[in-house]
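Shared between the two complexes below is chain A, which has chain B as its partner in the first and chain C in the second.
The block that comes next holds the complex of A and B.
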């Protein structure tokens, strides 16, 4: 059986950059946000790589990446992402900031997905990240699914196995480092990926050149999607506090490292 | 320091898109992708290996060897190849390879050399190989893909030889070829006896392109010959060279004693009166090869300088943190050493030099991209007309005047010029080739000489800005390695003296000087206040006047000043020209950034501040270039005259044998140049001030 795998994902600022919350004309933002280098949101990245693996295993399958972000920044990010795995881009030109209203974003994404020619819900697997490296609302993907009428939804997915009978065996993260096993009889389904199990593919310019032939036109015709913060009012925005206590120790054993971490957690 | 509150200021370090606009490849997604493909390799496995001490051995270790497969997988190896041979970039690839070298050298130039040496090895075949040689070897160089079980073909280029000839004269070869078999109607078999020195890639190469000379009356002259590891005879990769630089590249002293068919002579041969005459001498081939690969070497050093900016800023700001004085929020805590103007000014010098070098290097790479198709067309046309050897030189001597006419006509007002003749000249590929070739003959050695030579000096300054940290292995950004590596870059593929020697000839070409005069006019007409264009233009006028004066002047003893063996005159003039070329290109790139950036919404937030900062850097560099030019020109114009009774230039007309009119003209150029320097030091203050507020990442994106 072939699948139509649609991955929703956008860009986030490079986490190595200095991320300083400021209040802009449209609400909260990051200082110099448009100047900072961006990456594909890592959770969306996991979803994309899993989608490509699945498509590679099932002849006739195809992967789309539906992405809402500033067109120019999307183009920059595609210079890397396009080299990872084969996919077709559906671009929406709008804000990718972490403070947009999840329902507005989801509405724009759902509309773009429904406009994909030849969309067949019986073959559709809707992928995305269950989280985001920006301020993840944790709701966007679910709302997209609802708008598409897909009620079989799974979050925190680490594994998807397509069984011989066409059913989907899915492992979702639950408490205590365990997985909940679900079986879904058939597509369509929404899968919000945790980390999956695949490494980030190396850049391959050959793949990139093939992808870019479609990506550049997609960016050219990216539809303006002016998503905003909606009715949400942010009273304050701060970065998560962090403390870095760095020790450089070479050749420590795993047991010693584990003991050090336990001691640190206990405040020792 | 100067107040800059009302002016746009540098907010962040330049983005990739801004660089693409500035270096003029924003419309080339293939190049943007190769940058993104190479960067994680440089800042990932390459950086990790350096951080783990991978450079601390001359041997070619398994860890170093593992990088080759990574280069293959990421497209670095195939970047040189045309798509029909497994590559992915259409057309000329000088800019692409320049970007690859730039990205790798940001972390380690040995890695860049390792990847580029394969290109150097195969370049003789690419540039001058027969159709059969190209069809056979180029696909082999393409890395094996999934399911392809063949062994990767890796190539080395063997030119330099052991002492006494090493580094002395590339025209002299002790590597020899003789005919060992030549049966009627069959391919002659050659015996190759070649010892190499400082040969890159030998630890893993299985194909070598080697320069050899004839030791047989039945072979005329020299050539480049292709050797394969499986050829009958002895293939000894040799011992590793005990170099202290570029340790992520393999360098050995190999010995070859092999029997190969004459069809391995690169470019083929003809037989005349029972004598094999190679179609290309080794000199002709290495000229075609090196003039391209030297550009990437120049860019390696510029990349190091620009890579040093972020770690130095971070070091400066954090210098006093953790001490008893300086609490969070205090200038001492937040800015650290950046409260001191000197370290800021010196860092601006580093940054400005890196920008100028990168501008010069990338323009040279783009120039070769423009030149390459014309080069092929020139070869085709000459072959069609049966012109070869010295005939080519004669043909170009005839074309020279047409080319000068073309350049001259292009600068005349459209209303009064002979448009029909200009159209004719502009449509003549040989004329257009001659124009660009005259530029390339100056740009290439200028880039190699200035970027690496002066770059190495400034790299020392960068290291010094790290204090004692700068000479430890723990120094972020691997700056001490980069300092040492820069010295190699100034030496290999033609040391500084070779570049100066070439420049001293090519910069006096009438066709080049006709273009140079036009560049001065263009700079003077450039509507870019604050860019330093008037400074550089005035310095260029001073240089041009001095060159022409010195070409005809004699010293106090009546000896001609500008002559081949008088390197005390010719070489400093080449140095001055390099400063000017780099400054001019930096200004042009910055102006281009302002123009194209204004139309690109993705840099809308970043552009005003970065552009203002880059303009200030241009002024700083222009003033420095002008100072060097003025010093050199004064030394040369005045320094060979008799000392006047009153020792100042304005009174020199009192001295015997001095051309007072000439000196007045010279003084006029000096005075004009001095007048252009008003305010440039304020630009340096502004730029220095910007360093105190520019936002940098939390951490370096590669390990230490």
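The block that comes next holds the complex of A and C.
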């Protein structure tokens, strides 16, 4: 059986950058947001790599990456992502900021997915990260799924096995360091990925060149998709200010330190 | 305004601690807003759970029950929650941010024409309207906001309030009927390490964080992964603490380097991992700067052992930094903890 695997994922600021909130005309934003180096969202990246692995195992399958972000930033990020795995980009030109409303983002993504030529719900696996490193809500994918009429949804996915009978065996993270095991009879399904089990693929220039032939036209025809903070009224957006006064103990012996730690653990 | 508190029962039919915490926060919110609230419960047999919180002050109890609601499954949970919300005509819906509810609530909001906010760490009232706080950019900045759209659905994080406590009673819940299509998904079980191998313990007093330094060359020029594994496992056994790990240590496995075999991405804390809540935290051999230390965000008392006195996990983040060799210290700690 072949699958249509659509991965929703966008860009986030490089996690090593210092972020500072500012108030702009559209509400809160990041200071120098357009200047910050960006990455593909980490969990969306895991979803993309898992999608490529599955597509590689099932002949005739195809992967799309549907991404909403500022066109110029998308182009910058795709220069790297395109070298990882084969996919076709569907680009939407709009804000990828964390303060935008998930429901507006979901509406734009769902519209773009429904416009993909030849979309077949009976083959559809809708992938994405279970949260983003920007909004971090874990909400967008579920709403996209609802808009597409998909009610078999899974979040915090670490494993998907496509069984010989066409069913999907899925492991989702639940409380207490456990995985819930579910079996879904067939696509369509929504899977919000946690980390999965694959390392980041090495850059492959040949894959990159093949991908870029489609990525540049996709970026050129990226549909403007203005998303906003919606009905949210922000009262404040602040950085955590609490800084602890760290007591540095340099010259104690391991025995002394161990005794101190044990007393602390035991409530002393 | 009308409030609905949503909860699901656990496999043993009770309500989890996180549900009781969210209930307490809901009771407080309802009092602040001067509005009544309804409790909606989902489960195979939610009646006893309703009785257990019968005196919480709810105006009404609603339940959706049946064997198909014993499983945490999107299709049935969304249908049940939708039925409860419509029956309660709620404009504000609260629920504990369990994996079960986090899976469903945003989709539920879409069905109801409302909005959902997850990972809510605080609820309050401003100008007579509810407002919430939650973190953005992976716990790197906190926002306070409100919404105008109703219903507004809130997934409340654990620790948002002390668990509700009160006498049991008789709730007399009203059963809400739900029409379901045959589910295409079946929950077939759970996978977890054996009880004595489980290293993630959400209820533990202490979070023990291991960093990549455990797998690096030590002072004598040798890599001592086996010794590190023994020390860490022994400490976890003796202290009953929960094990967290930095991303760099977990990622080593994917890069084919020596790793601690009992670590998985489930242990990962920080920017691309979890932000667990524990009263105390002890980090060992960790390195990295502010973005990685968000795994500390919700830890109460923090101590660190590192050879680097300027480690980002310690300076300004920990209460006490021991500049020392973690191998030597943890060996002594284990000796002291041993019965």
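Heads up, the rule we're going with is that the second predicted complex is superposed on the first by the 238 of 268 C-alpha atoms of A that agree within 3 Å, B and C clash if a C-alpha of one lies under 4 Å from a C-alpha of the other, contacts with A are read in each partner's own complex, and residues count from 1 in each chain.
In this text, a contact is a pair of C-beta atoms (placed from the backbone, for glycine too) under 8 Å apart; a residue touches a chain by one contact, two chains touch by 3 or more.
Bear in mind the structure is a predicted one, so any value in this text is a computation, not a measurement.
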item: First (chain B), second (chain C), both or neither touched by A:261; value: second
item: First (chain B), second (chain C), both or neither touched by A:175; value: second
item: Partner chain in contact with A:206 - chain B first, chain C second, else both or neither; value: first
item: First (chain B), second (chain C), both or neither touched by A:34; value: first
item: Which of chain B and chain C A:18 touches, first, second, both or neither; value: both
item: Chain A: partner with more touched residues, chain B or chain C; value: C
item: Residues of chain A at both interfaces, chain B in one complex, chain C in the other; value: 16, 18
item: For the chain A and chain B complex, residues of the former touching the latter; value: 14, 16-18, 31-32, 34-37, 70, 72-73, 75-76, 79-80, 82-83, 202-206, 208-209, 212, 216
item: In the complex with chain A, residue positions of chain B that touch it; value: 11-12, 15-17, 29-30, 32-37, 40, 70, 73-75, 78-79, 88, 600-602, 604-606, 695-699, 701
item: Residues of chain A that touch chain C when the two form their complex; value: 12-13, 15-16, 18-19, 21, 28, 30, 42-43, 98-99, 101-103, 106, 133-140, 142-143, 145-147, 151-156, 158, 171-186, 194-195, 198-200, 230-240, 243-250, 252, 254-255, 257-262, 264-265
item: Chain C - residues contacting chain A, complex; value: 72-75, 78, 98-100, 102-107, 109-111, 115-119, 126, 131, 135-149, 184-193, 198-202, 205-206, 239, 251, 254-255, 265-268, 271-272, 280, 282, 289-292, 297, 301-303, 305, 309, 314-325, 328-333, 335-337
